[in-house]
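Please go over the structures that come below.
First chain A sits with chain B, and in the next complex the same chain sits with chain C.
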Partner chain A sequence: MPDTQALVNDFLNKLKKRKIEGSQATAKQTAELLRSVISQTRVPYTNQAGALIDSVKAVGERLIAANPVELAVGNIVRRVLHIIREEDLSLTTAAMAGLNLSAVSDDEDDTDRDDHPVLSAAAVAAASRSTLRPPSLQTLLEDVPDSAAVPHTSSSGGDSEGKSKSADKSSRSRKLKHDVIEAVNELIQDINTCHEQIAEQAVEHIHQNEVILTLGSSRTVLEFLCAAKEKKRSFRVFVAEGAPRYQGHLLAKELVARGLQTTLITDSAVFAMISRVNMVIVGAHAVMANGGVIAPVGLNMVALAAQKHAVPFVVLAGSHKLCPLYPHNPEVLLNELRSPSELLDFGEFSDLMDFGSGKGAPLLHVVNPTFDYVPPKLVSLFITDTGGHNPSYMYRLIADYYSADDLVVQRRPTSGN
Partner chain B sequence: MGAQKKGAAARVSEDAEDLARHPLQAILLADSFTTKFRPITLERPKVLLPLANIPMIDYTLAWLESAGVEEVFVFCCAHSKQVINYLENSEWSSHPNFSVSTIESHDSTGAGDALRLIYERHVIHGDFVLISGDTVSNMSLTQALQEHKERRKKDSNAVMTMVVKKSKHSPITQQSRLGTDELFMAINPDTKELLCYEDKAEYSKGFISLDKTLIADNPSIVLHNDKQDCYIDICSEEVLSIFTDNFDYQHLRRHFVKGLLVDDLMGYKIFTHEIHSSYAARIDNFRSYDTVSKDIIQRWTYPFVPDVLCGNSAIKVERQGTYRASEVTLSRSAQICPFTVIGQGTKIGNDTKISHSVIGEGCSIGSNVTIEGSYVWNNVTIEDGCQLRHAIVCDGVIMKSGAVLEPGVVLSFKVVVGKQFVVPAYSMVSLLQQPTQQDSDEELEYADSSSAITGAVDKVNGDATSDLSETRYGPTSELGTGGVGYIWSIFEGGNDEEWRHSVAPIPTDKLAKIMLEKDKDEELLTQDGNVVSPSGDLKSDSDGNASDNNDNEGSYVSFEKEVEATFLRAVLENHEVDNAILEVNGLRLSYNLASVDCAGAIFYSMMKWAVESSHNARASELHKNAAAIITKWKKLLKYYLHGIDEEIEVILKFEEICLESCREFSPLFPQILHLLYDKEIIQEEAILRWADEKEGADESDKVFVRQSESFLQWLREAEEEEDEEEEEEEEEK
Partner chain C sequence: MDGRRVSRAVPRVRQVGFFTPNAPPQQPGPTRSQSGPPNSNSPPLSDSPASNSLSPVMIPPPRHLSDNLGARTAAVPVPGRANAGEHATVGSYNPTESVLGLESPPASRIGDGEFSEGTESSLGWYRRSNSAKFASSFPGGGFDLSPVRQPETVAAKQAKNQPPGEANKSGTPGAAASSKPVKQPSQRKDGPPVASSVAASERTVADRSAEKERKKDAPPPRMQFDDESRVGKAKRRSVLNQSEARNRVELFRHLPPHKNGTQLPHLESKFFELHEMHPAVYKVGLQYLMGDLSGGNARCIAMLQAFQEAIRDYCTPPEKTLIRDLTSKISSFVSFLIECRPLSISMGNAIRFLKNRIAKLPLVLSESEAKAALCSDIDRFINEKIVVADKVIVGHAATKIRDGDVLLTYGSSCVVEMILLYAHELGKQFHVVVVDSRPMLEGQKLLRRLVEKGLTCTYTHINAISYIMHEVTRVFLGASSILSNGTVYSRVGTASVAMVAHAFSVPVLICCEAYKFHERVQLDSICFNELGDPDAIGKVPGRADINYLDNLTEKQKENLEFLNLKYDATPSDYISVIVTDYGMIPPTSVPVIVREYRKEYLLI
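Let's look at the complex of A and B:
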């Protein structure tokens, strides 16, 4: 495990030093790291899901602490935890189904497995405690009769059921880890393709001769606009430059390179231009459970302008940006203050930062926040890789991706990892 | 075929050199070799002092790590054990791709010694970053490194790239921001080569001089006084060997940089790299400690700010830039103003007001306490009703109720301040007594007394528990009832200069004084300017000249001594004449004098040697000796005699010698003059002009003219004869 430990430390360090930019890259790397953590974790004979959850939590807690502002890290950790629970649950239900069959048809097999009945009692108790969680929305919708019913009966515990479950264990232990890794791979795949998934929907939203406004730079937005362009839609784009980092300049460059008619404006000109705009399309840093958006600084102003002129305000967000937390949760760090040097040149203003004269306190204070919070009522539509959603639907979407138990990622005190 | 192969092989090896990329290395000096942080540095090395609750060295290491440095050698000297222990127990010892190793020394007295020691270890291969452990920066090294490498490819003499930062010029900014002296740099704006580096400490007279060859060699020179030296250098391997060759180099700037700039034999060059948006500053004294702390709190050093740097004991930035750790017990009525850092486990009582301050971990602060612009380190107890203004309070200090710290106070470790006691402004208080042994040279002082002091520290630490009662008796009176510690008398600078480097803001009256001086300077400047114009003020002109002359005289005397020493060495060690010329040339450049002065000085040394080498004062032997020396070294002398003026100067010098330093020569004056004429060192025209000049002088001045009257007579006749002959010849034609 030293190998993963080094990987974890390396990644922690990168997060701490803010060396990874963009939530997609962060999400992908987090998922890959957790995958290797899972594959390196030695699964005990009993309570394997618990062991996996423990080790993922141990790493995840440190990752989240390393850069609390980058919510994508926490999102992915919770997604992976959820995957483990889901896989475990589906295996259990499969075992239940198998039991029902075997109990009727296959007596021989049953006697074979009775070779190790000693384990059964403890194992069943532990397994049922750790794996049988209240079902999520998805499971409720998908396999209604079986899974919802079976766990409850099993927890009440018929003896014969327990026996067969423990007997099934050896095959299941290998299978669980395998399934989890498969599912994490799928997650990584999803993160990789989220841009395309979102961009596919572009033609449904952008119409001929429309004017689109965006602020700053987001890869999702770029792909989205380009996808519409490729489908022979002709439209114009206004790009607000996104002070103080001016990433809008880069976006404008990219758009022009792909043959889109582009107009670059200052952030402060947004209100002046908004009346000519048909739709605002922006990226996000994170989408909170209440449908509020944490987005690059300046976007709240754009959202207000859009509301004033009844222009649709559309937020593009891959599913890794969906955060199960509410903005009022204490552990959510909404903002990060970056260096004032992005605003002004230290050399030119160093005489104002003079602490030696006067009262010893500077009169000038430069604040450079990274993010804005856009309340859900200002957002018209979210476009994620699964389609368009209303802000008020966000919490249900989130319930599909996360388990309620993982909202606070904290190790149990017993875990020695 | 063979040649081709060879070429191919060479190319391969070149490629291999490129491919075998050396990991970027850095030397971190964990000792500043100064005493500016005393008395704190008597007990703890400067690099471990907390800066917004994180040791300084962590900022430096974190920056090096993020700038892509892979291997760091930490050089520790004073309190080396503490530094090594800290590094071993910190996260740096187990970092992937970033190795930190320590080099320990006990007898280094300066950066020069440190670099020489590192050179002996042969650990540096290729370019390296030279930095001191008290530097905070967030600049990216990539571009500077790139520039450095490219220059190296073109010119192997470009050994160093110095990082500078613009700092807005205002009459007092430099002084009041970082507490450093004003710095002048001459930079070639096209090549960014550094041509001149002067800190005002040495040039307090208010003007700097540039070698005229600089102006001749460079098409344009920009003279800056708004640049701040960041003390981050990218050096080539040669720098270490230069230090080894010049065993007297100690100080990085004063000796090394200036040495390289003056020395034109080896032709080493230093370049500058200016950073704009990123931050870099060195903590040199208490004032820069204050300034850099505030810059960090204002996040100029992002991402090296407290909430990012210490990931584990979560510090959060709240509104208006208040940094608060997770477990702070804060009374409801306590007032925490903006730009304050509060460390973990600190308790703050009712109605306490804290503004613009840093409070460490585990402190307990009572009720009705006022803390303003102060730095309180870990585990400090401040009882009810205390007041702290612009003070530094180290670990373990106890302030009894009602104690007051006036601006600029520094309380070292574990000092106890008695009830209601008022510590006067700018006092330094320590448990240790002030070291009495003082050296005039600030740089050396530290090293000289450090061994004795560390011994004392150990003793105090050892005895602290057992002898506490005993120590309580001694200094009680100094810090009120129940107080423990000694108030140091202020010695640095002698006069009232302590406000310059203190954490407290400069008092308004001092500020006014600085401004006034500045105005005066400017007035003087304008007066000087008037001198150039015909309507100039004559008085100021003569004043200026007088001071000028005095100054030149001073430097000339030391120059003469140097030349004499050089000459003696040349004689005793049988140097070649050419080598002696080179050495004297070097001296001439460093003192910035004309060749006239050299001629005078050399002649003086020759005569002096002649006197010293003769055993008795008999005139005949003296004459013989002088003749021998002049014959042997006439080439050296001739080298500097470009014209009549220089020759006359030599004669005048000779007069002076005969009158003042070596009276033995006075009877021999005519003989030696004749000798000089014979050896074709001095032409007859010079001698005659000299005699003519002396014509109108006082009688006392004419002694030697009179003495050599016969020789002069002979010269004149010879000339006339020559003239006549010429005339005759012409007539004949």
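Let's look at the complex of A and C:
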């Protein structure tokens, strides 16, 4: 797959050099890349899903390592893996229901599938155990080690089937890839339209004569506010400029271009103004499994001020931003420090700093973080493309999009292919 | 609300900004502008300034942010320009350096030569003597300021200045003007900004002071800018052009708009018409206008020293009493300063003190004795209330710094800087975090001064305080004023810093001299504030790549407003302790200090 390799390397470069801005663009490009990886993957007759998963994991691991702070990459990789498993599972259950076969070798799922040679019920149980379906009593009572299943499966697959299966398998193999690619296309479509779906909910939250505060710039917020404006709700917006990138200026420009009353304030004035604000609406970089938000820098301060004044703090996030990981020490581990020249010019202080004195350590540090962590207790509401949710509910959404096996994206060393 | 006030036959004009209760007064104020979200169906904002462009009596003229000190043209006769280069600290009050921007190159004085010479030399001498005094007393050495020295200094200068001063009096228009009673306001429409108010104050100064002592007075509410009747009167009397404010934020209609520094040439040309204005006061006013002087202590000291000059050069006109006439002159000076920039609370308290001293002058004193007494009172006020108070605060606060501390400060407060430098000299090992914000970027000046002295510093912007607060052990903040409900009124952004520190359980120490306390109360930052230059927000100096707002169509500009607040109110629950010259007190004890020590402070 030479051209896929080239695509992958190209994308890796862009990620490493931070050339891609924004989680939506990143998510979309990741999904497209994985789609081409999948379409290029050769799948064997048996254990197709495993092969797909492996190839996706191989690429995904490298992508995540290129920019660990850009959580959207990992999210999409895990989404695709989940899609593969889901499609495979649905194909399997359909096949079992249709063919009424009892051999477990039809189970073409992952290596940690259990081995139950006889009963289709057991096979279904095995299928359900490895996905995130709610466990039934059956699954809880079965207890078969993983590693033994693999060679047994493939060997028994070779044994117990007849020719009738081979036709199914080849059709199924084509179908799996096809289904997976279709599902990935849907995923890409979702990523593209997440703004519209979120913006549809704007009218429910913004009424007349409101005052809304936001900080920095987010395309989701822009679409959200404009959707409310379309529906003839009149409100005004305070935009905090969001130093040191000053994206708030951009947002203000966009808003006035669309006819909204906007006031641009400095970040230091947020506490002063928030007592007159009805709602704070912001975008997020990523939403973690506990409901915490990785947001542009300064939003923790805004969230604290909103809590003090009992102003609802609403976070808009597309579902591609939902990350199944829990944040540990997010200010350090999920943060990036940008160039200090955005705060102080290089050389501005060089006449004062004497490196020859004392320990020779530099006397002046400049700190310019990119992200802030907002704990879930400060967030009033998440508005995603699936509707509005409490921060305490976000972990349940993970079950819809991700599999538990994919939290650590790593190639398994014992893969059968 | 109006039951407390005595109804007056002649309506008195109310003054904007923080003024003293002796000043003209209080008519039933207009209702405060509503604080809810503005009516969305109101006419577009471009219409509303039309009704609001009328200004009250004393309107703070544009305070142009001095982000570019060196760029002033040489034609501007404002002192301090030539010294812009040496003055990284022109705006800060720092007794170790002779500051306050009062070092005027003699040649740049407006006015006739003799007058300026006398003034300049006296200024220079006084300042040099002051600086020697200050430099020796702080931070390292002992406190050897002797009050004895001051009256003699002042008296000596009085004697020195008297001959040249009096010789000039007859010749200069300034003297002529000072002899002309202010009671002829109608002849000078473009002249003194306050006419009827001063007249009214003259008339009733005596009974007003009696009345004040009688009743337990609430602090007078300030003039609200959206009160159109007084705004109309004031516009006619103001010195500066009241330009139409372009896009004013609805919520702040009750505050006077900021006018930008283009007023300067206009003001210069008016100098010869301002016959009553003393050059020192004029200079200080211009410094306020251009933003070269900022910081409560610096502004207060500059103003008081300018008043000292004016008092020294004052000569009672015939058929007038010194007390009344001098009070009215001071009032006119103050109104001019308010036009340049609204008074800070420290200045308001200082003016109240001065007027009180003037009112209490025994009638038996001769003019020169009275003037000498007043000048020595001013000196004593500056010394006791500011200089010595700062030393006491530094001594207290330095005990709160331990080795290994990480101290955070916001913006640039002179007292906090003194504390840090003093602790560094004591040999304590600590690390400083300087937090800064736009548009004034005062933290960079503080950072420069600290790094020069060898402190290890971290610099960051206000959005990053959540990131850095994990490592911080103490937060030191300065204040412009502390109000009676414990609210700290200081540079915008202080409230956010205190709030985040509180959220991370980091103690917050406010360092503030007691003369800045006030009996007013305030709940939020909107009811009373100061508006800065709105254009400073739209432009980010030095970063051409992100000036997104340069090309807007007219229609777009209609919808866009800039809001540049200068102050905000920090609630008292975020504050752990307030370090004052009366000791370290909790925020709840502020009204106690105001009440118990106010009398003593006024009487001195």
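Everything below uses one rule, namely that the second predicted complex is superposed on the first by the 332 of 417 C-alpha atoms of A that agree within 3 Å, B and C clash if a C-alpha of one lies under 4 Å from a C-alpha of the other, contacts with A are read in each partner's own complex, and residues count from 1 in each chain.
Throughout what follows, a residue touches a chain if its C-beta (ideal position, glycine included) is under 8 Å from a C-beta of that chain, and two chains touch if they have at least 3 such contacts.
These numbers come from a predicted model, not from an experiment.
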{"item": "Combined model on chain A where chain B meets chain C, clash or fit", "value": "fit"}
{"item": "Partner chain in contact with A:H365 - chain B first, chain C second, else both or neither", "value": "both"}
{"item": "Partner chain(s) touched by A:G259 [first = chain B, second = chain C, both, neither]", "value": "second"}
{"item": "Touching partner for A:K16 - first (chain B), second (chain C), both, neither", "value": "first"}
{"item": "Which superposed partner A:S350 touches (first chain B, second chain C, both, neither)", "value": "first"}
{"item": "Contacts of A:V203 with chain B and chain C, given as first, second, both or neither", "value": "neither"}
{"item": "First (chain B), second (chain C), both or neither touched by A:A305", "value": "second"}
{"item": "Partner touching more residues of chain A, whether chain B or chain C", "value": "C"}
{"item": "Touched partner set for A:A272, first chain B, second chain C, both or neither", "value": "second"}
{"item": "Minimum distance between Cα atoms of chain B and chain C in the superposition (Å)", "value": "8"}
{"item": "Overlap of chain C and chain B interfaces on chain A (superposed complexes)", "value": "342, 345, 349, 353, 357-358, 361, 365-368"}
{"item": "Chain A-facing residues of chain B, complex", "value": "62, 65-66, 94-97, 138, 165-170, 172-173, 175-177, 179, 226, 276-279, 287, 290-291, 294-295, 298-303, 308, 311-312, 314, 316-317, 321, 338-339, 355-356, 372-373, 390, 504-506, 511"}
{"item": "Chain A - residues contacting chain C, complex", "value": "208-211, 234-236, 238, 241-246, 249-250, 252-253, 255-257, 259-273, 275-276, 278, 297-298, 300-301, 304-305, 308, 331, 335, 342-345, 349, 352-353, 357-358, 361, 363-369, 372-373"}
{"item": "Chain A contact footprint on chain C (complex, rising order)", "value": "35-41, 45, 249, 251, 436-439, 444, 447-448, 451-452, 454-468, 470, 491-493, 495-496, 499-500, 503, 524-526, 529, 537-538, 540, 542-543, 546-549, 552, 556-557, 559-565, 568-569"}
{"item": "Interface residues, chain A side, partner chain B - complex", "value": "6, 9-10, 12-13, 16-19, 65-66, 68, 333, 337-342, 345-351, 353-362, 365-368"}
